[in-house]
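Got a structure here, written out as structure tokens. Questions coming.
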């Protein structure tokens, strides 16, 4: 990149650099697609994830039942393959006679939404702070890093539970509780990368070409870090979903009647002896999704992050 | 040859199956080493020198394996030994010295203990008592270790005994490795580029340390190196390897003074030597061929100044030009044919 | 020399703990709802005079920074206030529950390591064998499974269906055991109360698995990858060349070095163990700290939550400290 | 590596030493006592017991635990909740009372239904409308051997009615004050006679006195409340051994027990040697523990499991008419519930029979109104609100609630009809069922589960909309119940202490006051009939159902009856 003759005006230079990276990115993409083919499991996982997403979006079209309404008359219907079960309720019904499959499908909305938003916000915060801290260092860096260290002194779930306890249940609070500590990983990753990249030639080049600091960060460095961030984000997603489920399981997450996998499992606990299916299937849904996400993440990492910055 | 050779390789062949087909890293190598002899195995990196050594130790990592050939050590075929028996040979009778001392010493253990381990493994200092009652044996072992460290020239061994590898300098590390090799007073030492990682002055020290060992104990040594110079000043005989094959073999003086094989010639041209100052150094054009896709004929042909189309045609036999002087070049084959020499082994033409 | 480094490291944790304390305090005070109301809710009808008294009792009538000062001062003394609901010193309550939690955590850790080490080592030695693939798939599953669900499934299978293991609790309701350390397994051994030991172990199995599974998975993966590295290292070849038998090569030369990264990861997993125990203790009705906290949260029993969260954080910090120290002994190159 | 190995060996050695140190296993001793217990007759039995206990003590000082005693000696009861205290004066909680009443006796006690019988009192007689003279049984011993006298009784009641009489952990008044509000003072006449002075006539004195247990003056004065709750002492059939309130309470038979209420057979010391209460909040776990034979009796069998248990061999399920009527209180001071039509509509909208059938497997009855149908003063003319969704819709429409925008949710001038129904974990299922039925009607209801202690203050402050729970009337009398739920709230008094709907009706208040002091049964009935009628019509709550108290035990448990007030009296219970 630095071998290419430097155009005269600084902006020409900048545009030139852009062009270069754009080409690079396009190449990367085709290369990426090619690489990905070497990880069939990751592909399958991606498909599974897609299925979950579609199910969540088109839930009403998929199922005839209402996730929040059921008749006490159809209480504890077993899954269809057991005697007494009917194909009307494929996976049986819960203590309120609600169709479990339906609730699982709608529950996907909560889990996916929480997962995506929580991770999204975490990335946003972590990226910004990390980039600034890593680039400018100084007092700002020290302060934020200290804060991060402090947060790391709490086990994640305990922290989240604590926050939920204080804020009370609810979707927004859930996101807050999860991101409150979630951003730290991204902060540390970005900060570290930032300090590493900062010294590379192309940054020097951009600097001599008279680019502003912000421009350098956003246009020059970040694009080179994004891959790692993206991988980490995917890997964290599964974790976040499990955390949300755990909180809901403890009754600190989404409140009834809104179907959330965690609380569904919890509500089934009282009926383990009589109706095992109530808490079994929602849990299965969690495992399926998280497994898929993790598999996909692993695949991504092998392809995008060969240096294995992320462990 | 009066006495029975210490080590004898009979068309040893080691292969590594890979995605791109079978790589024959060592191709029907014939070698013999007399007791107390120092043989230099010379060639560019990647020509299979180290593989020969690992094959002798039977330490080729799966899925690589020794395809055929014999490894006769003091009369018995090592390939026939069980893993257990082989273990008793390793370190005890044949020891090995590796190229990069730092990565070869275990970073987690004290140097002294690492030397001592060889002693323990082969019950050199015999302490029949079970742990923790074997105090006596351990004390004697430790004494022996310190003695060894002195012998290889590690200063203040008592202090260094407790040190960790990363606290040693490169030279010291290599000396420690040698101490490990010497621990059980083996009959044969396989040295894989022992000096490459070291700077010149240390190189010299290490080399004559090994020389002394060789002289004092009559330990046979196979020295693998890519540096003809090193080989020249240190070895009795030299075998030049190229692409898994031995292309020339003979006593140091003969090989250095009158190299027969063009490859050897080429190697010699790369190093500055006294009396030839006026000649410019000429590197060998091209580079080592991919072992997976070797040409049918002489594998050096593509780079050979004297190459003729025929060279590519078919396998080249080894020609025994004189007693203990061999070369693998079509030119010599023709010469031998003219002389009406007879075929020795399948691959060898000679005049008895 | 090393001792000094260790000491430094220990001292370094003090500011963190301090920060933790302040953080917890701030959270507590941000919380909506008047503690006294809640206490009254628990207590029942009271005179108005009492409320004032309580405000004073909890310094609720003083400005925030004064409250912080009181809080830190008392915390330093190990006094984290009285539980609103249970009307007893929080530290007492926590002390009662801590052994149970520790026992569970240790049980889980034990399980995790018992599983992870053989698997990690074997699947590295026999890379790409069916065993390797199988156990790595298992590890993946372990990572993707929420502890609470695993726990419930285990209960369904082993307790409800097969009736092999108890559904919940630390020890059967009809076994009585002389408590000494509070760790039932230890106590029953100390008192040679074999039936109790058997019973305590039976109770410990399922929760340990539920809590340890994820840890086992992660540790196994890390151990495997680092074993793969060390097994390729030159010093392993040297060990072989020395004539060391294979088991020695693997278990001493390779493993010893593979342990270094693994231990770090295990240290990080302590967090998972601590966090997870809230869930698992709830699922298995394990009378430990985790359950205490959860109850306290629903009771808005602030002093108790506050104290417990701090205890958790401290435990976590200390655990990591221990790991760091252990690490330096494992890896001669590092001195903290 | 070697270091660690060494350490390990050392550790092992140490362990071995320790183990060796505390040798002396005890099983055979215990076996002995078993044999004896089986063969010997009562008189001798006591002696043997003493031996047994001695053995135990020896064992303890040797730091060796006795191997688990055979079940026949130990009775284990699984409670649904944890007691909050072991101080009879410092709680307002049924489970707590259940535990306490096995260690403490009151002046009077109640059988498994609603009959009141003399316990510590030999006789009780009204000298006039407001003075009750109690003659105490002689020779009743506290667990420490001291005899119970008038001083203890006086002390007990003064401790309850005096402000801030309880000093630990911080000074406060007894929460049980409200249960005996009219009591003005207590005076000792002689060692075995006390007189209680009430503010006015108090017809329910007997029923209410059941809920007050006598504590030892000398002991409390000696150790204080702290010491007392750590090791309580009473006159009850069992004496305290050890306790961790949220886990277990261990009690041992009190051999010098005077025998309990003479007209409740059997009289004499308790039958079992040891009684243990275990706290198992999760219903399914309680049942599992019973099935596994870990416990002998379990409280609160969840309705959906009663069937299963009844079919299980070796398990006995018994039920008693409940005393915990359940309803959803509606905040009458906030729209939309400030409109009586809406409140009535909701009553029509809930299908109680369906709930009884499906949720409680028929083991419940619909509430005819604010009082349990088993209450001694229930209004016989009241019938439960019938299930009539159409009528409900009509009434709602009348009140202005219609689904004008056709989104399936009723609305009134733009506002959708939606609210949060608060409840507590034990009846989440019921609350969700009700919510579900209201949703079918077009009301957007979501359920939020709270811890009672947290939500209670919010409710009393009228900050919430609706609350589903129950309120016990274990006295089978409106008093202790009616004034708590339907009397306007009077801060710091028992009146309206549980009035979560903010309901206030002067006439009802007046009637409640009248009822408390009316002695003539007929008049009293009339008073309460009117009061119930009013509350019924104004419907400050959705009156739901009254479930039976279902308890289960293993067959080995003999002479056990679940009590309506859900108290478990272990005095009579035997194991075989």
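As written, the chain order gives the labels A, B, C and D, with residue 1 at the start of each chain.
One rule holds in what follows: a residue touches a chain if its C-beta (ideal position, glycine included) is under 8 Å from a C-beta of that chain, and two chains touch if they have at least 3 such contacts.
Keep in mind that this is a model prediction, so the values were computed, not measured.
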_A-C against B-C, pair bridged by the larger set of C-beta contacts_ = A-C
*By C-alpha centroid distance to the whole-protein centroid, which chain wins?*
C
*If we define chain centres by averaging CA atoms, which chain lands farthest from chain D? Would you check?*
B
*For chain A and chain C, what's the span in angstrom between their mean Cα positions?*
25
*Could you state the distance in Å from the CA-based centre of chain A to that of chain B?*
55
*Between chain B and chain D, what's the gap in Å when you average each chain's C-alpha atoms?*
89
_chain A: positions in contact with at least two other chains_ = 251, 269, 272-273
*Would you give the residues of chain D that are in contact with at least 2 other chains, written as numbers and ranges?*
282, 284, 288
*Send over the residues of chain C in touch with two or more other chains.*
160, 256, 298, 300
*Using the touch rule from the top, collect the residues of chain A that touch chain D in their complex.*
68-70, 72-73, 75-76, 95-97, 169, 251, 255-258, 267, 269-274
_Residue ranges of chain D in contact with chain A within the complex_ = 282-284, 287-288, 302, 304-305, 308, 354-355, 357-359, 428-429, 432-433, 435-436, 439-440, 446-449
*Please give the residue numbers of chain A that touch chain C in the complex, ascending.*
146, 149-150, 153-158, 161-166, 168, 238, 242, 245-246, 249-252, 262, 265-266, 268-269, 272-273, 276, 279-280, 283-284, 286-287, 290-291, 293-295, 311
_Looking at the complex, which residues from chain C come into contact with chain B?_
233-235, 237-245, 248, 253, 256-257, 260, 330-333
*Would you tell me which residues of chain B are touching chain C in their complex?*
54, 57, 59, 87-92, 95-96, 98, 100, 103-109, 117-118, 121-122, 164, 166, 177, 180
